[in-house]
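Heads up, there are several structures right after this.
Presented sequentially are two complexes of chain A, the first with chain B as partner and the second with chain C.
Our next item is the complex of A and B:
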């Protein structure tokens, strides 16, 4: 899975917007949206919110976890703990990136939020690397990692499974395989 | 619309290499030091500087370097034709170096197919087979997975 696919899945998350147009309720395959009235907040999926914002038809409201004090608390909690702590949203990285790229004027203290989220991301990725390293070094059979988001798993997943495959094949060489000798010439 | 070319995975780490895999073919070109147990007629044509016989035979007991595909084909359990010696990096001295610190050695320079070639070496029934396979595994584990992951990770923000 590459990063673009994970971002695509993240765009299904709901965010609140304030439209400046009016539209009756629309019926999509995934669900119903609307009705849209100017000045009244409504919840829509992220893909629609970004699209409307780009066409200047709405104003985006930041999610309630996208606030400097709350993110600071989460970041400090993440740094203290050795395991992974629960994140405010399973797609926190993608939401932050998309909202801050397209709607930073609607989000207060956008730069600080960007730095805080990047700190959280770096801490978690470092923990993931250390964990993968000790997994291979000690040849453990089973690892359990809670509270990881899909984007984080995606960065190291393919490489880790290939490394583990390699290790498995080398390990089976330890048992001599006299029974599978090839045919005589 | 199907693709024209499907890459065949290397089987070198497993019991047998894949004859269709390009990686395995390149790997089997690596040379193995070998001692002949019997005279080989006409093989001396490739080693003209060493033999002076009229029919270009390689005498018994001479040391040669053969690519591993040739050595494997000629090797026989009753050892009538060849006896294979281990290349330097799979021997005792280098094995201790690897167990001490695998990070410092440039494996690629030692021979680009360290693991695959080493796994195929186990077929030659050397008395040190158990140690070789253990050393291959330990070297791999000793790789610093953390730094490798870092180089491959994407920064999104």
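Our next item is the complex of A and C:
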């Protein structure tokens, strides 16, 4: 899967906006989007929120978990644990990136949030590398990792599977050479 | 087109249609265009953009698209207009219907009607005479009203779609008018006040410690900063030498002037080595009170207006620009003498450099601007030292020769106008002749070798309380008519014309006799 495809899936997440226009309920294939009244918060998918923000038709509210203290706690918890801890949202990385790129003026302390989320991501990717490394060394047959988000899986997944394929090929090529005779020069 | 309610009569009409935009080649027009483009993008209005550099291009482009045009709105500096009623008179019913009625009454009425008709005719003649006077006054002088970028920003504000970015473009448009000396100091200060209210409305969150915005957001702040061109992107010494204000007051084309500059720097205690370094590399201790120090010393040397009210923009950790920096950069990009691919490349490049995402173009423009400023000062120095500015009687005349270095930089109208204005200021400071100080200047520079044309620019005289009215447009027209010189009066700025080089002398003679 492409990283862009993962971002596309992430854009279905719901966020809260405060529109400055009014519109009746609209009926889309994916579901209904509630009536828009200026000044009243309404929940919409992220793709619509970003589009409206770019056209200056709304103001975005940060999701609940996008708060400096909460993120600090999660980051510290992640650093302490050996395994992966549950993340505030299955698409936390994409949401942070999109919201901070397009609507950083609506999100308080945007710089600190960006740093905290990056810290969390780095910690988790490091853990993933360590566990992949031990998996290969000990030649395990299967492993189970909880609480990984789709973006993290996607980042390391392709490389991991291709590397394992190569290693398998190399390993299977070792066996037959023991039974064949080497030619005399 | 004259409208009273900008929003209703213009934007709402245009919003639902496809729009054709003609934009003049001027930094102010570019800024207004950016604001309008941003508004159109918000509302998904389809538009086509056509840059025009003169009346002829406007006409050709108009004729090209003639079938589809319904409403024509020129995007350029507004000129002050007299009252509507004085110019256009609604055709009243001047019918004198006579219905069939009794003969005696009819006869009486006929007499009355004759009297009425003569009264009306006399009124009409008076009205026509007044109209002619008003139109003559209107067309005689050329001057500039409010910046069109500011007008567009007011439209955006009325639609509640104004952003910090648009405010910055409005600021750049206003500063362009000030840099090119198109508006009086009073008007500039008033407009700065208007914009300052908007700036504090958008940017008050910067002072709040709790809820500061991300560093990446644009921040605009009001500054009472030095008048030196590009000084934060150059070295202080270069900037002092190449700003017209300081160069003319210090008389930097003479050796005596150079000594005065050294005295000035010594008076402030700035070592020469520091001052010649790039500004960002100067010692922090020297930069701390720089503005106040320079203002004090400048007062001692006779320069009272060293500081000027302006705005600066700030985003990311590295990028800080004053409004005048952006004006110079965009101007140089638009008028750079390099080969123009499709005729509109420079325009597009200059337009792009105004958005935040194209900072590399802006920095390139700053480099070009430095070259331009240096070339301007060198040309001025050589003109004054070789006494190329001669008095023709009612005006001063100066002509740039073919072989002058960097002469190609000055064939474009805005660069030549700036050069001429600075030359006039320097000349006024250098000459002792009282009469010459009050004369206007006519400047000529070669435009193209193959066609044998020159660009001629007329600058009004340098007075303190000038309201920047320029009468040269009409004067040039009349002189050319009377001598049947081949002249192209193409530019939107009417005091700039193109003339065939052979007709130059008879044109000047006609101008002399016209103005004396």
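List of remarks:
What we mean here is this: the second predicted complex is superposed on the first by the 172 of 185 C-alpha atoms of A that agree within 3 Å, B and C clash if a C-alpha of one lies under 4 Å from a C-alpha of the other, contacts with A are read in each partner's own complex, and residues count from 1 in each chain.
Criterion: contacts are C-beta pairs under 8 Å (C-beta built on N, C-alpha and C of every residue); 3 or more make two chains touch, one makes a residue touch a chain.
Predicted model, so just to flag it, every value in this text is computed and none were measured.
On the shared subunit chain A, the superposed partners chain B and chain C are arranged side by side without overlap. Among chain B and chain C, the chain that touches a larger number of residues in chain A is B. Seen from the Cα centre of chain A, chain B and chain C lie 110° apart once the structures are superposed, a value rounded to the nearest 10.
In the superposed pair of complexes, A:97 makes contact with chain B only, with no contact to chain C. Once chain A of one complex is fitted onto chain A of the other, the partner contacts of A:139 are limited to chain B, with no touch recorded for chain C. In the superposed pair of complexes, A:170 makes contact with chain B only, with no contact to chain C.
In the superposed model, A:20 makes contact with chain C only, not with chain B. Of the two partner chains placed around the shared chain by superposition, chain B is the only one that A:117 touches, whereas chain C remains out of contact.
Of all Cα pairs linking chain B with chain C in the superposition, the shortest spans 14 Å.
Shared interface residues of chain A (contacting chain B in one complex, chain C in the other): 114. Of all residues in chain B, only 13-16, 73, 115, 119, 122, 129-130, 133-134, 136-137, 140-146, 148-150, 152-154, 156-157 touch chain A in the complex they form. Those residues of chain C lying in contact with chain A across their complex are 41-44, 160-161, 163, 211-217.
For chain A in complex with chain B, the touching residues are 3, 93, 96-97, 114, 117-118, 121, 125, 128-130, 132-133, 136-137, 139, 151, 155-156, 159-160, 163, 166-167, 169-174, 176-177, 180, 182, 185. Residues of chain A that touch chain C in their complex: 20, 55-57, 100, 104-105, 107-111, 114.
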